[in-house]
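What follows is chain A paired twice: with chain B in the first complex and chain C in the second.
This part shows the complex of A and B:
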């Protein structure tokens, strides 16, 4: 009741977006601004055309007021993402290494700071879509490997994990309870066998 | 490439180890959301966060009252907006954290009443009060609705006889997604097998196995 069931055990995409907004980005201020004492990371005094690192949500506020340009992260360009896409194709059993919040940050920047990106946004969108799809296919293939004890999922980002989570946990918990019943019934069988041995 | 770019790259090469209120709150919130059982109340994190929030709110009130008329109004407004946004963001995290805890307390009321000891760090003082009041109300409701009409031997809410416990307990064998955040590898033993958790690796394991590492902060739930 305090927490709707949709929020239990999984995160909402909006929440992951919220978490992604805490990542820092580099901005290029257009105006100078005094230092702001924030609870988390204080914002240093901004000077025009001098790069500073601020949390993404601050950058977005400044951007919406036309006070800064956002320097796109070094992975958000066509060349880099294309290369990653090829890497994904080359290594069918492994995820390439992308930032923890790549989809969310890419989406936010494509929506809110399109003019700051170095490549045309439609091309970026399409390569991101390709990348997302190939990773999705891979993770779906990987579902075959699910077992009752443990798996490792290196290289996945939070949003992708969140997509898989309900299914993976459901299956693993079911497998676990099946596994538990088989082991306990085996033990019972052994006990029975011992008893019958003693009898004779 | 000018000097700024070079400095930039230099800054990027070193990984900043910022352990601030924000990150602590996020970790506390996510851990709580993803773990099947209640984690010890993050007293220090919560106290510092709440103090910081109220200080910041006081600062806002003060600056509205004695606002420096010297600075340009638009900049002042922007400043205020950023500060207000941050307060809202932190409040959201705090709210989410507390709500998640309350939902678990509601679910496992009797179990946590039994678990709770005077000096335990599991519940905060407010939560202790809440859980007792909640249990009281719930028992009263059940009694009035139907329990008074059933035979007295069947009315116990915390009945454990008969091979079936009436107390709902959290399932610590549930699987969880974890991420290792410490530089030294952690080895977990599962039956006859062992797995090693490497830094930044993502694993799905049973909650019971990583519980101690979560409390140490070496592993976070995701």
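This part shows the complex of A and C:
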């Protein structure tokens, strides 16, 4: 393949950002529009001042033309995020459950739809940064527990998993191949035993 | 287990390991530097791993169970190294010891299946990789630690991949 090896098994943050744009958000249109049939997520008919769920990318286009307001998702406000931050502090061995694309959506909305958010953006930014950092520290700590067979990623979002992936895969693969050197010989013996049993 | 085209694998195969000849082989003296002469029984000599591996397994003839050579425990798993690995994994200079340490341990242990050694090496890998991860996270700052220079080839690759992934992430956050 022509792609550099780092990109072959891993996504770039920009690609994940792109994927996140397909998440649905609620908007409050100011204009009416007929529905559009798309292969992926069809866009429902829009009527002025009636809440409707559309993919984020559509919402962003409409927003940039001043044709809608974006209703921020229920987790994107100071109270909720602060509470999640507390939760992270309270449970040192566990990640609180945040949406699969929380960082990307938060970033996009903070950049493109600041005026629709209920809280001042600099405060939101700082609490998001805090959340990210505490989760990063936790996942680092969790890496101490790496083994050759499994890893628990409960509660982590796609972007966070993606950041860890090259490291975790590399180490786990190596651990596995080291581990296999001692187990395969036994397994072969067992296989042989089974075969001879069948022969009788 | 290993890829035919993997350069690191080929290089690891070329590492020399000490062996002892069990029989006298005529005409093989050039290995020792006296061409034309036979190589005597009980001669100790260093052979590349790919050759030693086969000669140690092949038996000379059907009657005797003897193989051509016996492999002697190489330097990289002697008690001094193993003790160093056990006591402080992050201070071992793997690169100086053997640039393809993990690969060769893998090969060695798939022949001799030394569980104790594998346990030690796996522990070392865990501790060292944790350290690698924290180094990879602050590549912008000056890395003036000897540790980076003691990484073996696999660890270097890991370090590079990890720091690249972190760099991409940081750039995205800055956008």
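As a convention for this text, the second predicted complex is superposed on the first by the 178 of 200 C-alpha atoms of A that agree within 3 Å, B and C clash if a C-alpha of one lies under 4 Å from a C-alpha of the other, contacts with A are read in each partner's own complex, and residues count from 1 in each chain.
Methods note: a residue touches a chain if its C-beta (ideal position, glycine included) is under 8 Å from a C-beta of that chain, and two chains touch if they have at least 3 such contacts.
Since the model is a prediction, treat every value here as computed from it, not as a measurement.
Upon superposition of the two complexes on chain A, no clash is found between chain B and chain C, which fit side by side. In the superposition on chain A, contact of A:151 is made with chain B only, not with chain C.
Of the two partner chains placed around the shared chain by superposition, chain B and chain C are both touched by A:165.
When the two structures are aligned on the shared chain, A:53 is found in touch with chain B, with no touch to chain C.
Contacts of A:36 after superposition: chain B is touched, whereas chain C is not reached.
When chain A is checked against chain B and against chain C, the one touching more of its residues turns out to be B. Figure legend note: chain B and chain C, brought together by superposition on chain A, show a least Cα distance of 6 Å. Of the residues of chain A, those at positions 165 touch chain B in one of the two structures and chain C in the other.
Residue ranges on chain B touching chain A, taken from their complex, read 4, 8, 11, 18, 20-23, 26, 30, 33-34, 49, 52-53, 56, 59, 71, 75, 78-79, 81-83, 85-87, 89-90, 92, 99-100, 102-103, 106, 173-177, 188, 190-191, 193, 195, 201-206, 222. The residues of chain C lying in touch with chain A in their complex are 1, 102, 105-106, 109-110, 113-115, 118, 121-122, 125-126, 129-130, 132-134, 136-137, 154, 157-158, 161-162, 164-166, 168-169, 171-173. Here chain A touches chain B in the complex through residues 1-3, 7-9, 11, 18-19, 22, 26, 33-34, 36-41, 43, 50-51, 53, 57-58, 61-62, 65, 67, 149-156, 158, 161, 165, 168-169, 172-173, 176, going by the rule given at the top. Against chain C, the residues of chain A that register as touching in their complex are 6, 10, 12-14, 17, 107, 140, 143-144, 146, 148, 159, 162-167, 170-171, 174-175, 177-182, 184-185.
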